[in-house]
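Shared between the two complexes below is subunit A, which has subunit B as its partner in the first and subunit C in the second.
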Partner chain A sequence: MTAGYSTMLDTLTRLRGIRGAMVVSIEDGLVVAESLMAGLKGSALAALSATLASRVSEMAGAAGFGVPRFLHLQSSEGALLVASANSELLLVAVAGRDVPLGLLRLEMLRMSERLT
Partner chain B sequence: MTEDIRALSAQYAADPSSLVFLRLGEALRQRRQLDAALKIAVQGLTRYPHLPEAHDLYARILTDKHDYANAFDEWDTVLRLAPEHLGAHKGIGFLYYRAGEPEHALYHLRLAAQLDPDDAGLHAAVERVAGGEEIWEAPMPEGPPEHQEEARAVTVAAGDPFAGLEGAGERLLLVDHDGFRLGGALVSVEGRDVSESCSAVLAGTAREADRAVRMLELGEWGHLTIETAGVSLCLLRPTPDTTLLSTMDAGLPAGQLSFFAERAAKAARTWLERVR
Partner chain C sequence: MKAIEPWVLGPLGTFVSESQARLALLMTTSGQVVAQHGFAGSLDLMASAALGSGIIASSSELAVQMGWDPFRVVMHHGSRRAHFLSWFDTPRGRWIALVVFSADTKLGLVQVFFDRMVEELVAAAPAVAVQKKEVLAADFERELNASLRSLFGR
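== the complex of A and B ==
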């Protein structure tokens, strides 16, 4: 199972400008599988992504907008992207600046559908 | 006394969902292993986002790392969850004092002293900030919350910040740092007004975005976009202390949502400058 995730994550991190990607458990914010460049702290990234996704779900639920399937947090030094295809796992990626995010988004949405 | 980090780490590893992270994080903080303490605190907050003690721990670590602005936010969160939290009143009192606002510092430190009348050090701190023992005879000073309420009342009385804009009254919502609605409104897909229920969580979501980019060293965040099956949402901060939520039907180009949100943010900034 984890080997399958690794292949998926390696495909993502081969895209230009991607600093890392991981599969995260929503419930406890722990790393399920990761492929990260040096300097990215996997456990922190997993915890922060899960918390952010949880907050966003809470907000979307309060507004009656349904379940979020993709988040994109854009910042001055890069972007945090989170795709959710089921209630248990998140696919997370960190991109540097000047990354073609449209392509990355499509890849992540496609891959997240295979998360089980 | 500092607890045994090795033993606490073993307990935490054996049961990551237990509350032992509070003791482990504090022990690491006391040993000045601040990055490790921060990691434990964040993991704990992930599991217990509504636990005041978890936010208190995080705030103490941030203070030790000299990140005072975010420490203040965390203690502010604690006080919204538990208005009589001793540690949060002491922490915010310290931060106000450090920021050169002794009146606000006294407000929180005196509340803390009321909560823990046996803390001699705290009493001494109150007297030091106040300049003498006669402080105990003086009435409680006004606290920052009252000032905030006045400012909010003025802001809310100033009308709709998005009047005349597309989506005003149903797709644009502006809140302050505490999740208080300043202007605009949000209507759900079913046509229900969800402004109030969404406001508090909106501010919390923006704080979570702050925390994520800070800890991942991604600089300042510009916007957070969210896709659901039927709606696209965009959060941004028109000013450092406000959050704006814009929504559009899903399927429209992302650029259109950004344009819509930026235009609303500009209107919000203009409005805030006028009313403040």
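== the complex of A and C ==
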């Protein structure tokens, strides 16, 4: 199972400018599988991504929007992308600055469907 | 928040605030309380410290029996509350942390902030003043009462 996740993550991290990708457990915010460049703190990123996804999900629920499928946080130095795979797992990717995010987003949505 | 040793307050305060822990307790492996946050009564505090150190001791022994390294973290996730129990090494010896947090809070987040607190405690710990002496019953009671006064201001 984890080997399957690793192959999936390697596919993402081969895209230009992608600094890392992870499969994260929503329930506890722990890393299930990761492929990260040196310097990225996987455990912190996983915990914060899961917390963020939970809060956004609560907010979207309260607003009557349903379950969010994709989160995109853009900062001056890069972007954090989170795709909700199912009720248990998140697919998280970290992209550097000036990276075309369309392909990454498409791949993440495709992969999150495979995780379902 | 109260502590036997004041230098613990900074790192513990940051941890409690960042992790939104309801209760936090730092103790030695023998169950002596070093610092606490959120406990109202001394009885609850002392019982929790004794139970926490007992759980770490028994789970560590269980790991040894299996030929493993001692379990670093013991976690219980309830429907409303979760308990996080972990040991860590400081210049003052091995300590144990017991943290109670809401079930909404992610374990990963608590772990991240906990690791940071341990780093800060290790950095903040003053040089050890070694005082090896025989432990007498009278000293034990006096030290226990002094600890309770520090932790509850009584």
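Convention: the second predicted complex is superposed on the first by the 115 of 116 C-alpha atoms of A that agree within 3 Å, B and C clash if a C-alpha of one lies under 4 Å from a C-alpha of the other, contacts with A are read in each partner's own complex, and residues count from 1 in each chain.
Rule of thumb we're sticking to: a contact is a pair of C-beta atoms (placed from the backbone, for glycine too) under 8 Å apart; a residue touches a chain by one contact, two chains touch by 3 or more.
In this text, all values refer to a predicted model and were calculated from it rather than measured experimentally.
Taken together through their common subunit A, the two structures put subunit B and subunit C in a clash. Of the two partner chains placed by superposition, only subunit B is touched by A:G64; subunit C is not. Contact with neither subunit B nor subunit C is seen for A:S87 once the two complexes are overlaid on the shared chain.
Shared-chain residue A:S43: touches subunit B and subunit C both. Comparing subunit B with subunit C, more residues of subunit A are touched by B. In the superposition on chain A, contact is made by A:V56 with subunit B only, not with subunit C. By the document's definition of touching, both partners, subunit B and subunit C, reach A:L30. In the superposition on chain A, contact is made by A:L73 with subunit B only, not with subunit C. Shared contact residues of subunit A, touching subunit B in one structure and subunit C in the other: 28-30, 41, 43-44, 47-48, 50-51, 54. In the complex of the two chains, the subunit C residues touching subunit A come out as 77, 104-109, 111-112, 115.
Touching subunit A in their complex are the following residues of subunit B: 16-17, 39, 42-43, 45-47, 49, 186, 188-190, 192, 194, 197-198, 201-202, 204-205, 208-209, 211-213, 215-231, 233, 247, 254.
Subunit A makes touch with subunit B in their complex at residues 28-30, 40-41, 43-45, 47-52, 54-56, 58-60, 62-80, 94, 102. Of all the residues in subunit A, the ones that touch subunit C in their complex are 24-25, 27-31, 41, 43-44, 46-48, 50-51, 54.
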